[in-house]
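Which chain is which? They are A, B, C and D, in the order written, and residues in each are numbered from 1.
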Amino acid sequence: MRKSLEDKIKKIKMVAMDVDGVLTAGEIIFINNTDEIKIWNVKDRMGFALAHRTDNLKLCWITGRESKEVARCAAECHIDAIYQKATKKIQAYTDLKEKYKLQDDEIAFLGDDLIDIPLLRYAGLAICPADSPREVKKEADLVTKAQGGKGVFREVIELIIKTQDNWDKVCARYYEEGE
Amino acid sequence: MRKSLEDKIKKIKMVAMDVDGVLTAGEIIFINNTDEIKIWNVKDRMGFALAHRTDNLKLCWITGRESKEVARCAAECHIDAIYQKATKKIQAYTDLKEKYKLQDDEIAFLGDDLIDIPLLRYAGLAICPADSPREVKKEADLVTKAQGGKGVFREVIELIIKTQDNWDKVCARYYEEGE
Amino acid sequence: MRKSLEDKIKKIKMVAMDVDGVLTAGEIIFINNTDEIKIWNVKDRMGFALAHRTDNLKLCWITGRESKEVARCAAECHIDAIYQKATKKIQAYTDLKEKYKLQDDEIAFLGDDLIDIPLLRYAGLAICPADSPREVKKEADLVTKAQGGKGVFREVIELIIKTQDNWDKVCARYYEEGE
Amino acid sequence: MRKSLEDKIKKIKMVAMDVDGVLTAGEIIFINNTDEIKIWNVKDRMGFALAHRTDNLKLCWITGRESKEVARCAAECHIDAIYQKATKKIQAYTDLKEKYKLQDDEIAFLGDDLIDIPLLRYAGLAICPADSPREVKKEADLVTKAQGGKGVFREVIELIIKTQDNWDKVCARYYEEGE
C-alpha cells in the first residue's frame, strides 16, 4: 500500500457511504407498488459487526432514495447515522461533521456514481466500487476489488481495521471461542 | 468512433427503447399471480436524470408486455412517452414520430430481440445490448459493452451526451456543488 | 454440426423439458411461506413464441416440484402439456408419447440433473444446460452454451428451427413488418 | 485427492453447515419488513436427497440469523437438526455431538465467514466455499470450487458419497428407472 494511502486510512474515525450501488448491486425492486426492496449482502453485515467491535469507527449511510427497508436495515446493523432522500448529500455530510465533531480527514466516504463526487472530494479518504464510472474512479483514493453489493464495505472495513492495527483485537473472539 | 456513427449520434433528439432485456436482464418474476416484478438498475436511473438535464432529449419506452410496475417506474423516471402491450411496435414508433414531430434520423432505438428488428431498421441510430442474438446485432449501429439490465441505457446516454458536447454542462453540478 | 446430431434434430416433433435449472437458474424462492417464485427469462419467452410459429413443434414441461406459478406461466406461454409433482418423470413421458402419438426419436428432452437421466436416455435427442453435472452431460447429445435460466431453451429451439429449415418462415414477420 | 483428506472424508457421519453464504449467495432480502427471504439452489436440494439416500449421513444447519423461511426449508429438505439464532455456534455443535453421539472426526462443517472459524477448527473435516475470506480458507481442509449459493453443498455431498463408495448405490435409481 502507498504510504500516503496508509496515512489517510490511519486517521479515519467515520465511514460514511452511499447505499444503492455500494451496499447493493444497484438493483431497484418494487413489489405491488409498495415499499422498495433491497438485496443486502451477508458479508457486509459481518463487516458492520467488525466495525462496531473496534469501538472507534462511526458508520453512516447517506442515500438520495428513501425506503422503510433502508431504515429497518440500518437499525438492524446499528448504523450510527442515516440520511435518506439526501438530494444534496453535502448537507448530510456537513451535518455529520458537526454532530460527531469530525474533520474531513477523519471521514472515509464510499460512493459509486456522479452524485457522490462532491463527497468523494470533501472526505479525507475517497473510495468507490470496482464497477463505478470512470469519472468517479478518478476521484477515488481507492477502488475496491469488489463490485457494488458483492462485499465492497467488507473489503473497505477490513482494510481500515487492519491498517489501524485493530484486526487481531476485533477477531480475537473467533479464535478464542470454545477454548 | 467512426465518423458515420458520430454523425448519426449528433442528430438524435429522442431515445426510444424496449424494456425487458434492455433496462432489465430479462428476468420475468411474478409473486402470487399478481403484477409483474422488474429488477431495475440504479445506474440507468442516473442515466435518465442525465438525459433530462440535457433539455434536448426525449425518452420513450415501448414494450410488448404490460404491468403496473413499468408504468410506475416510467412515471418515477419522468419518461416522456410509454407504450405497453405494443405487439406491433411499429405503430408506437409511428405515433411517436408524429407526436414529437421527429424524423427517423432523430430517433435512437435500443432493442434486444427479434421483435425489435423493424424499429432497429427504421430508427436513425440502432443500438442493442451485448447479449442480444446475432440477428439483432446485425441490425445495430452500436452494440453496447453492457449486457441487458447492467447499465445499457446509461452507457448509451453517456455516449450521446458526450458526442453532442453536453457532458460538461450536464455534470457541472457534481463538480460545483458545495463550493 | 455432426451429421448424426443433425439427423436426430430433423426428426423432432416435441420438445419436453424440466423446469428448475433449465428454464431457471435453479433458484428456489418462497415469500411468506406462500407459493413458490420463479425467475423466468424473457429470451426463453421469445423462444416459446418462435416454437409455436413453426406449427410443427409441441412443447411440454415435466417438473418434480409443484407451484401455481409454473401453471400460470405455462398457460401464458401456451405450453401444450405440463406435468408437475412428477417424481417418476418416466410416467409423464410415457403419457406424452401416447397422447401425441409420438415415437422416442421424435422427442427432444432437456434436463439438468440426475433425476432427468432416464428421460435423457429415452428421448431421441438428449440436451442439457452448460452447468449440468458430469453424469448428466455424459447422457446428452448436446450441451447448450447457455447455463440454466440464461436462455437454454432459446438456444435449443433456434437450433431445432434452423436445422429443420423453418427459421426464415418463423422470422419473416420481423423483417417484413412495417413494409 | 490427498490421502489424509480421503481418510478424513471416510469417517464423516454428519454434515453440519452454516446457511447464509453457504446454501445461499449471502443475499439478505426482506419484503415489507416481514420475514426474511432466501434464494435457495435446486442443485443443493438434489444434494440433500442424495445424502438421505445414503442412510448413514446426518444433516444439520447452524445459523446466527433466524427466519421462518429457514425452518420451512429445513423441514422440506428433511434436515435432521436445525439451530437458528446461534450466536455461539459452538453450543449448537456441542449439543449435536451429544444428541447423535458423534466424535469430532465424524463431523464435517461447512462455513463461509469468521464466525464459523471455531466450528471449522473443531470439526474433523472443515470446508468453505470458494468466495470465503482468506482467514476462513486458512482453516479449511477443503475449499469448494462452487461459490456460496451456487451448489457448495452439492459439491461437498457428492465428494463425500463418492469417497465413501456409496455413489453407485445412491444413484442406481436414476439408471435403472424405467427398465
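Everything below uses one rule, namely that contacts are C-beta pairs under 8 Å (C-beta built on N, C-alpha and C of every residue); 3 or more make two chains touch, one makes a residue touch a chain.
Because the structure is predicted, anything quoted here is derived from the model rather than measured.
*Asks:* Count of steps on the shortest touching-chain route from chain A to chain C?
*Replies:* Counted as steps through touching chains, the separation is 2.
*Asks:* Would you kindly state whether over half or under half of the residue numbers at the chain A/chain D interface are used by both copies, giving same or different?
*Replies:* Different, since most residue numbers here occur in only one copy.
*Asks:* What rotation angle, rounded to the nearest 5 degrees, superposes the C-alpha atoms of chain C onto those of its identical copy chain D?
*Replies:* Resulting rotation angle: about 90 degrees.
*Asks:* Averaged over CA atoms, how far is the centre of chain A from the centre of chain B? Could you give it in whole Å?
*Replies:* Roughly 31 Å, centre to centre.
*Asks:* Report the inter-chain centroid distance for chain B and chain D in whole angstrom, where each centroid is the mean of the CA atoms.
*Replies:* About 44 Å, centre to centre.
*Asks:* List, in ascending order, every residue of chain B touching at least 2 other chains.
*Replies:* Expected reply: 31.
*Asks:* Chains as vertices, touching pairs as edges: which of line, ring, star, complete or other describes this one?
*Replies:* Chain contacts: single closed ring, each chain with exactly two partners.
*Asks:* Can you work out from the touch definition every pair of chains that touches here?
*Replies:* Final set of chain pairs in contact is A-B, A-D, B-C, C-D.
*Asks:* For chain C, which residues count as touching chain D in their complex?
*Replies:* Chain C residues touching chain D: 20-21, 24, 26-33, 88, 90, 113-115, 117-118, 121-122, 133, 135.
*Asks:* Considering the complex alone, what residue numbers of chain C touch chain B?
*Replies:* Residues in contact with chain B: 31, 34-35, 37-43, 45-46, 50, 68-69, 72-73, 158, 171, 174-175, 177-178.
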